[in-house]
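The next part holds the structures, each set out as structure tokens.
The same chain A turns up in both complexes below, where it pairs with chain B and then with chain C.
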Partner chain A sequence: MKKSIKPLVAALAVVVSASALAQQAPAPKPETLIKWRQSVYQVLAWNSGRIKANVEGTYNKDEVIRAANSTAALANSGLGALFAPGTEQGKGWHDTTVKPELFTDGKHVGELAGNFAKEANELAKVAATGDQAAVKAQFGKLSGTCKACHDDFKKKD
Partner chain B sequence: MSRQRVWDLPTRLFHWSLAAGIVAAVVTGKIGGELIEWHGRAGLFILGLVIFRVVWGFVGSPTARFANFIRGPRAIKAYLKGEWKGIGHNPLGALAVLGLLAFTTAQVASGLFANDDIAFQGPLAALISKEASDQSRALHSLVFYGLLAIVGLHLAAIAFYTRVKKESLVKPMVTGWKEDDPVLAKVAHVEQRSRLGSAIAFVVAALIATTTVYAASGGLLPAEPPPPPAAAAPAAW
Partner chain C sequence: MKKSIKPLVAALAVVVSASALAQQAPAPKPETLIKWRQSVYQVLAWNSGRIKANVEGTYNKDEVIRAANSTAALANSGLGALFAPGTEQGKGWHDTTVKPELFTDGKHVGELAGNFAKEANELAKVAATGDQAAVKAQFGKLSGTCKACHDDFKKKD
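Then we have the complex of A and B:
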């Protein structure tokens, strides 16, 4: 009986340590991070498209609230993690168009990201009022923060 | 004190309107945000001006006509040797005119199909895929540098004429008159055309320009079908 316990203990030890290792989730691959951030920008495109349509045409208050809230949520979702080291180059859904400067100019990137979040949060507040003109003006300001980052950190194709 | 008629009114109006239009387009394009719509309008305005100028280059007054001032390499050599005697654009200046018109046209054309990856797109972007529109944007960014270079060259040439050759080219482009050139008075004779002829030519050029701008602004694209009632209401989920 005693002899047969050793292999059992050994097996148990292996299983426990393996599961302990498995608890540390593997870091997402660079391609995955690039896919996720490219997807974020596609959703932002959906939102900005419908906000624009609403401020230029028939205004649907609820639609604008949804779009503005979605934009603010994305802006505050910690996008920096999607630009982790190792993602300077690579292919997500398509080749990344990020400029290498984004990975070295942390202070400026943080500033622009902060502006994006600030104006997106403000747009969500303004959208709640249902004021088409005010939404149009704030959307203009938000577009400015999109452009600021593109100008500095997005490749011109 | 003699003076020669050198630039007709449509040409002068075109020149200064184009200068203003390009400045407006550059400023609004660089700032973006709410001004991007004005950038688009400036582009269409510039298109109208350029089309007008091209047509005017065939039916306009003699100094405006391409046939009269686009002369080729031999004439350019002669001009550089100081042997050109004429009025209006000299053979070297002719290259600048062509270059400016070409770069401006390329910039407008690429802009019509481009998008800014934010919320704006050119009036004809709907005709092509997003990828093609992105490539049009890339071209638009590239051509901008060429345009900047040739405008810079143009301004440098004007400055050269003023400072070195002591000849103001700005004043004739404002007033239409070239002052005090006894050699020119003997050699160049600018034929006067009947007012009616000029007026008809102007109307034709303006009509062609307007039609082109209408088409470029998407006027010929099929109208979007009215949205079905369901689409006007928010999505159910």
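Then we have the complex of A and C:
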């Protein structure tokens, strides 16, 4: 390479590098992450309420499948990213109700999150059969994993 | 049936009927439905932001799959139920931004919702291939269906 064009190449590299950085979307703010995770739990509550109403009352197989699939997809969606460092405190739709321990006890959090995903995936499978009693039993197991995490990592209202 | 037990049978029927009603979960309040639908759109925004960051920057196949699957499951989850009669106005997390036309132009709403689900399901398929360019193109199509619905049925901020 000729010496004379070295500065140009170096300058271009800087420009290209700056351009690449500009293309990267900025990381979401902590408040946005908190709002998103609070939203996820509301969607889970919607699905949970629908499944509960179906197993305790008139059963609609298709509605339960939709609610169970949505729950499983959310359980598998990488929710941990919504609990990034910096989101220990703060306000999304409302002040976060997460306990500080969630950010320090990764092993236990991972176990509980794994249980949640496991039972949610199983519920999606069972829902596909349309067996109301089996869905009710599996929904009970899934609800248990929700409660386990709330007990340990959610502040009381 | 003997005449004498008719009143008892009738009374039992009332009791059973009341019991069945008591088992049915009460219908969610309009404000709750609005909060849930606003939450769904926030979760979609989270997923959309993740996919955008991946197709425009460093690509993580697994993260895109998770986000695309979650989006598809939500698109298929029966969102129409969150726009039940009685939710034309009201406050969930904030005042609803839905236009009144959404509740009267069912045919057009159905078309737009169908397009959204179609492109979201296709994105989930394409995401599974890990082809960044193909995901980017399909994500563009999906985003177009979001915009189409916002243009027609979401009040401007």
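Criterion: the second predicted complex is superposed on the first by the 139 of 157 C-alpha atoms of A that agree within 3 Å, B and C clash if a C-alpha of one lies under 4 Å from a C-alpha of the other, contacts with A are read in each partner's own complex, and residues count from 1 in each chain.
Methods note: a contact is a pair of C-beta atoms (placed from the backbone, for glycine too) under 8 Å apart; a residue touches a chain by one contact, two chains touch by 3 or more.
Bear in mind that the values here come from a model prediction, so they are computed numbers and not experimental data.
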Partner chain in contact with A:Ser77 - chain B first, chain C second, else both or neither: second
Contacts of A:Val98 with chain B and chain C, given as first, second, both or neither: neither
Which superposed partner A:Lys52 touches (first chain B, second chain C, both, neither): both
Which superposed partner A:Lys156 touches (first chain B, second chain C, both, neither): first
Which superposed partner A:Ala137 touches (first chain B, second chain C, both, neither): first
Touched partner set for A:Ala120, first chain B, second chain C, both or neither: neither
More chain A residues in contact [chain B versus chain C]: C
Touched partner set for A:Val64, first chain B, second chain C, both or neither: neither
Contacts of A:Leu112 with chain B and chain C, given as first, second, both or neither: neither
First, second, both or neither for A:Lys147, with chain B first and chain C second: first
Doubly contacted residues of chain A, that is, touched by chain B and again by chain C: 45, 49, 52, 58, 63, 66
Interfacial residue positions of chain C with respect to chain A in the complex: 20, 23-25, 28, 35-36, 38-40, 42-43, 45-47, 49, 52-53, 56-58, 63, 66-67, 69-70, 72-74, 76-78, 82, 93
Interfacial residue positions of chain B with respect to chain A in the complex: 32-34, 36, 116-119, 134-135, 137-138, 141-142, 232, 234
Complex interface listing, chain A residues touching chain B: 45, 48-49, 51-52, 58, 60, 62-63, 66, 136-137, 139-141, 143-144, 146-147, 150, 154, 156-157
